Structures are given as C-alpha cells and as structure tokens.
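Worksheet: the structure to be examined is printed underneath.
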C-alpha cells in the first residue's frame, strides 16, 4: 500500500500559503493549526492515508470508524491577503522513512496548488514557563528569516529539528518552495501548551495580516497557567531550570 | 517480492458480503470465520502470499509444505440473501506497513467482487467471563451501526482497534466500501474463546438471515466454561475484575 | 536498490534440478551445496546481489573485495540423469522481507531455466549426536515425499522450518514448482556439521543417481566426531538429552 | 519518497576519478574528502536527498535550514592528470537497505560521468597511536591493489569493512567500475583523526599526482597528538594495547 491522497473537492486558490502542524512537543503545532482551522472555519478538501501511520483505527462517540490520517483544509480570504491551506494529522509517522514520505507527499500537494510559502510550526522545549513565550524562526532563505525577525521572532541560530514538521520545512529547499518554521517556546512538561500555540498563531497572524480570535486558546492557556503556578506553590523547587535550549518539534 | 493474489477459480457472486477474521485476541475472529467456512462448506477460491508474513513454512502430517498465507472462500446462497466471501489467514503481519498492505489487498479483492458490505470480527478484551458475551459494533456509517444495534449489539462509542481486523474495517471508508466491525466480549486470558466466536457468528447470522449450526463452537465453549469455573473454584479471588474496557482485536 | 541478478554466462541446461543451501543450523545446507559444487566442479554462471544482505564487504587474502552475495553454479551431466543448478550465499538475509525476496528471486531463476525440481537442504536440530544422522523430508506433493521415503528418509510430519531454505521450498508450491526439503539431523552445538552435510548429500545422490566423492566431508566429520567424543569423556553428563525435536533450518 | 539526485550544474569532466568519504570511524574519510574539497576549491554540482538519512534538519548560524544530504563536488584538473568528483554526506544511512541504496546511487552518478576509478576512504581502528599511520588498500582487481602497494600501502589481506564506504567500493565490482579502498590506521578513541585523514590524502596524492596543501590537517593533527600524549603522561597504563586488528570504516 502506498500513500493515498484522496481529494474531496478541488478548491480554486490564489497562490495560497500552507500552514502545517503535526503533533509534537507540547502539541504546539497541532493546537495552532487546529485553532486556525476552527476559527477561520476552513473547509476539509483532501485526506491523506499512509501505511506510515500506526496500524490502528479509532471510533467516534457515534461508533464511526476513523483511520489515522492527514487532513488538508482550505480557507478563501475574502478580505485581502493570502488564501490558506492548513495541514495536520493524528500523529507523526513512527518510522524515519515514513516521516520523509509524509513530508514529501504534503509538499507534492503544495506544488500542485502553487503554494507561495509553507509555514511549519512546532514547539521548542525550554524549561522556561512564561506567559509570553518567544517564537523562534528558521527558513529556506535569509530574507524570509529577516522578515519574520522584524515581527519579533528570534532567529534559530544553529540546532536541529527532528520529525516531520522539520522535514516539511527542510524539503522545501530542494523543491524550491519558500518555507519557514515557527517554533514557540514551551516547557517540556506540558502536553497541550495552548499558550505556546497562541504565540505561534499570533506570529502567523502578524505575518499574513489575518485576524484570528484567540479566546479558546486563551481559556486553555489560563487553566494551564493556574495549574502550573499551583504546582509551583506546592513544591517550590521541584522544576528543573536553566538547562540548555534544545530544538525539538 | 510483492503481495501475490493467486486465484484458483473465478466464482460468480451476486454482490456478496465479505466476512474477515484474522487471528487476534482470544482468536475470536479466526474461530468465527473458520466456523462459518466449515459449517457452510464454503469453497477456497484464492490465496494471498505476502512477505509481510513470518518467514517460515509449516508441514502437514503428510509432510506437505504450507506457507503462511491468507485464504478466500466463497459461499453461494441458494435460499435467499447474500452470497459470502470469507477471509482469514494464519497470522497477522508482524510489521505495521505489512498490516496496512494486507488490509489493502483484501479490500482490492472486495472491490473486484463488488462486495456490498465488509464485516470484520474481533475480540474485545474485558475481564468479564460470561456465558452471554456482548457484541460491540462500529461502522463506516451511522445507519449501519444503528441497524446492528437493533439486533442487540452495543455501539463502540470511542476507543481504538489495533491490527489488521481494524484496518480492513477502517480502510473501507476512503474506498467507499460499507463496513462494520463486530467485537465480541472476551476475557483476555482465553486463547481460543469459542463462546465469543459464537456470539459474533450469531450476530452475523441475525444480520444476514443465514442459518448456522453452532454445535462445534458450543462444545468447545462448554469445555472452556467448565475449565474456567473449575479454576475459579480452586482460587476464588485470583481473577482481576472491573478494569476499564479496552478495545483490542 | 533492488535485488540484482548478474548473469555471467547463459548455460544450456536440460530441465535441471536445482539444489539450494544457505547457511543455517550446523551450516549443513551450506556445506552440502558447497561440497557438491567443488566435487562436481560446477561452474559459476550467475551472481545475486541484494540490499537484503548485510551492509558490508569482505576481503580475500589478495586484497580483493567481495560483496555478500548469492551464487548460482551449473553442472552438465555427461553420463545420465539430471543437469544441476546449485545455489548458495554467504548468509541469509537478516530481515523477514529480505528472506522472502531472496527466495522469490531464486525461484525466478528456477522458472527461467525450467527447473523440474527444487531441492532445499537444511539441518534439523536434535540433541542426538550420531554417526548416522537421519534425513527428514517434506515436499510440495505427496508423491515426492513418498519417493524420498523409499530411499530411507523420514517424513517431516508437522513442525515448521524458519528461514530462506524453508521459503524457497514453500514458495515452490504457489509457483507450481515441484520442491522437496531434506533436513539432516544435527546436534545444535556444532557450527559446521560435515557428517550431517554428508547425510544430506548422500540422500541427494541416491535420489538423482549422481555419484559424489565424500572424502573431504568424511575427514571433517571424523575430526568433529573425535572432538565431541573427547568432550563427552571429559564431562560425561553435561550434554542435554531427550529434548523435543524442533525443525530449524 | 525515493532517493533524489538534484543536479545544480552539468560539468564536463574527462574520465574523472571519484573520491568518496562518508563519516565513519575517526571521521577519517569525511575529513579527507572535506579537506580535498576545500584545498582544491572543488565546486558543488549535485545534491542527494534520501529518506535513508535521519528524519531531521539542522540550522545554520543564519537560521537557514539544511537537510541531511550527500554532496558531489567536481574539480577540473588544469595541469595534468585526472579530473575529480568528490562525494561526502552528513552521515551514513542508519538502515542496511539505506546503505546499499546510497552506495548504489553514488555509483549511478559515477557511471553517468564515466568515472575511470572510484576511491573510497575510511579508518581502520587499531590501538596504535602513531604519527605515521599506515594506509591499507583493497581493490576490485589485483593490479589496482599492487599499484597502490608500490606507493607504500599495505594490502588488506582478509577482514571486512562495514558500512557505506565499503559498499560503494564493493558494488563497483558487479558494475564493472574499478575501485579501491584506502583505510588509514586510526586509534578507535579519536573522533576526528586529522593525522589519519592526512595519511589517506597523501596516498591519494601520490596515486594521482595531485598536489595538496596539508597545513590545516597538520594543525589539527598536532593538537590531537599533544592531547593524546598529555593524556598518556597523566595516566600511563590506561590505553588498551595489542588488540587484534579489525577493519571498520
């Protein structure tokens, strides 16, 4: 079985920007793309099935079967600025070859739709719990990185990014697709870091001039923050500090 | 080497229903499909060889070599109702990609024969040893699930199914093949749960209106039941209870 | 990279018998085929390279590089009876898919040369050290098994054979190639059991009426036997006995 | 995703010699090819991307993304003697099949450019720290080995070479590409053995009559040597000695 791209509709998009976020550290990328999809009411138009995903299915509350899969949504920008393609999946492929395969398939679709830029997201694990996480940026070209720095992002100077979010970004280069990666600072111990996801989406919003409502992310971020501060009060010195930064996505 | 489908004959079937059951928990699915094949005297018409199976052969009492393989049987319904295709195999592929590959190959044959519905079976491990195991149902569409509920099945509301029995069911969706999965309740500690297999076959029988003799399954179920009750008498409190349900196939 | 079959010459053979023996338990099969190749002065005509072999090369005493590979030799029978193709390799592929791939490639060549029968060899681990090892036989058809039994072989009634020697034999069935497997009894603790190899070659010799000189195998077998008896004298009760037979190749 | 060869330019080369060195023991091969590329100011003309590499990207100090990849450089010899193609990569593929795949792809490019000889390099781990490491040689043909011996190399008489550097060399044989492997003696405990790399490059230089400046390698070698002698002074008897030679690349 090969990777299968199943197109449900064929949207007409004007040189769209593609935003990708697969589950990873703090679920930052997944939360960010999911939030965009819901807030913008983006529409599902293609599904990707792959033997690189786990060999299992899950069931909805209605007893309906769901495969592990990737989903592509589109959003037509009716005001000004870019149309969007959003991509996410239930999980990252478990094998290295599978991660390359998925990243390559996503960029095949990007080429088909003449995407003008790919933005992949991710979390960067630090031990710094903060209400204002930094956003780091890397890119396929210097101009792209510099542009994002003007919006307050910090250049990823060195380091590495493991996994599919990194590969989608990296494979853009030999395919001549302009791509950037936005990594939001996240403490490694949060499984769903809504605050980091919000920081990534805010950077996206500034870059593309697309307004997004943040209330659901803010609500979850507030709950996270309260839980962390409560845990800190209970056990003042238990959290590790000042470890070296390491890029993980 | 690729997966090889070797057709022995080309049966003419009228929009058949395909019933699949690979070895899994309690061997429920394998016992159920095997029972149907023997009781209905279904006829072997295709064999599937795959490098996804274990690299070994086994020998019959006559010294004849047998590969690990999948087998397709057909049954012409001479009374009323559906023709059948039955599928089983010696084992599930050991690799995730192999499981997808096998599930996909099985559905390719389903498409070739214009199967109107696929039913996969399986066991659902609970710690509840009972003479009347529940049968759970999930499906590719709500209508299918609701129909099976009217026959006494319990909707699979959430959870996941791991392995090829789940994938055959799940890959039905993107291939537009109507599919349901019937999971019969089985205590995790039985290796051949004939009673659960009987429950699955009974549900199949009600759904399709096909009469099946259960005496061989009942005989084995009775032996299982007596062995379990004996073990319970000997060691009253040794069996675990009340763990959360988890779907496994 | 795919499996590569490199043909050095194109021998004209008259419905040859193919004899296969890859390294396995006691190196029985490999010793047997190697012995045949040397004694009959069979000629190398094809090499098989595969990414399923270990990713390494070795060097001869002359500093010449050698890949892991399979080799096909042919022998023209100038007296009476069958021409031969002999196949062996440095090692068995390490992955299950690789074992199927190699077995399939070997049978592709068998089909190309219209081989009338495939004989795979192997060792069957028992704890019985004997000067007269039994030879067990399994086959794709009853007639073949019965024929070999008339020469003193013991029918393999049940059990399984793991690895490429078994798969070459087993894949003969769906490809409609008549095949038998000869397993010579070998104690599991010998790495090069020349006596078992001799027993396998003797059975081959009786079956095909081809005379073979055994002196080199006999010399090595004598050395093995003396070493084993010496070890037994030193430590009378250390060797395990009477374990169940298990087929391994 | 398959291995991708991306050609940036199409150099016209006159029966070039290809020199390959992937990271391995002591980084000898990688250092040697890297040194040649820098000193000769060889020009990048092709990149190789492969799912056989690690699924990660790294970032430059400028925040630019880089995939794991192989790189081909060419050098036009304006004086006399051979044009060169240099090949290296960030890493060796992690899977056996990936190592064969990469070696095969490299030789495909060699065939395309009608390379007259392939030279792969590597380290041979010994425990002998010396300022004058021996260089060992193996080849696809005796004449090649003998020629290199006249320049002071020691014949690799037996042993094996694991990994891609060995496979590029070994796969030359069935592809009828003349190839030699130069292994420079390196103590197993150095991660970047510039002195061994220098020895390998010197042998290359003698063979092809191409002058190379060694000052950067010598500088690093001197630092290594001082560090090792210092460590020895501190702990006289801690280094292992006189272990058997084993070829590793």
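For reference, chains read A, B, C and D in written order, and residue numbers begin at 1 within each chain.
The rule is short, and it goes like this: a residue touches a chain if its C-beta (ideal position, glycine included) is under 8 Å from a C-beta of that chain, and two chains touch if they have at least 3 such contacts.
Being a predicted model, the structure only gives us computed values, none of them experimental.
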{"item": "Touching subunit A and also subunit C, the following chains", "value": "B, D"}
{"item": "Centroid comparison with subunit D (C-alpha atoms), farthest chain", "value": "B"}
{"item": "Angle (degrees, nearest 5) of the CA superposition of subunit A onto subunit D", "value": "90"}
{"item": "Same-site or different-site touching of subunit A by its copy subunit B, using the half cut", "value": "different"}
{"item": "Distance between chain centroids, defined by C-alpha means - subunit C, subunit D (Å)", "value": "39"}
{"item": "Subunit B and subunit D: spacing of chain centres that average the CA atoms, whole Å", "value": "55"}
{"item": "Arrangement of touching chains [line / ring / star / complete / other]", "value": "ring"}
{"item": "Which pairs of chains touch, using the document's own definition", "value": "A-B, A-D, B-C, C-D"}
{"item": "Subunit C-facing residues of subunit B, complex", "value": "1, 4, 6, 47, 49, 51-52, 54-67, 94"}
{"item": "Complex interface listing, subunit D residues touching subunit C", "value": "96-97, 99-101, 103-104, 137-142, 145, 155-164, 166-167, 169-174, 179, 181, 247"}
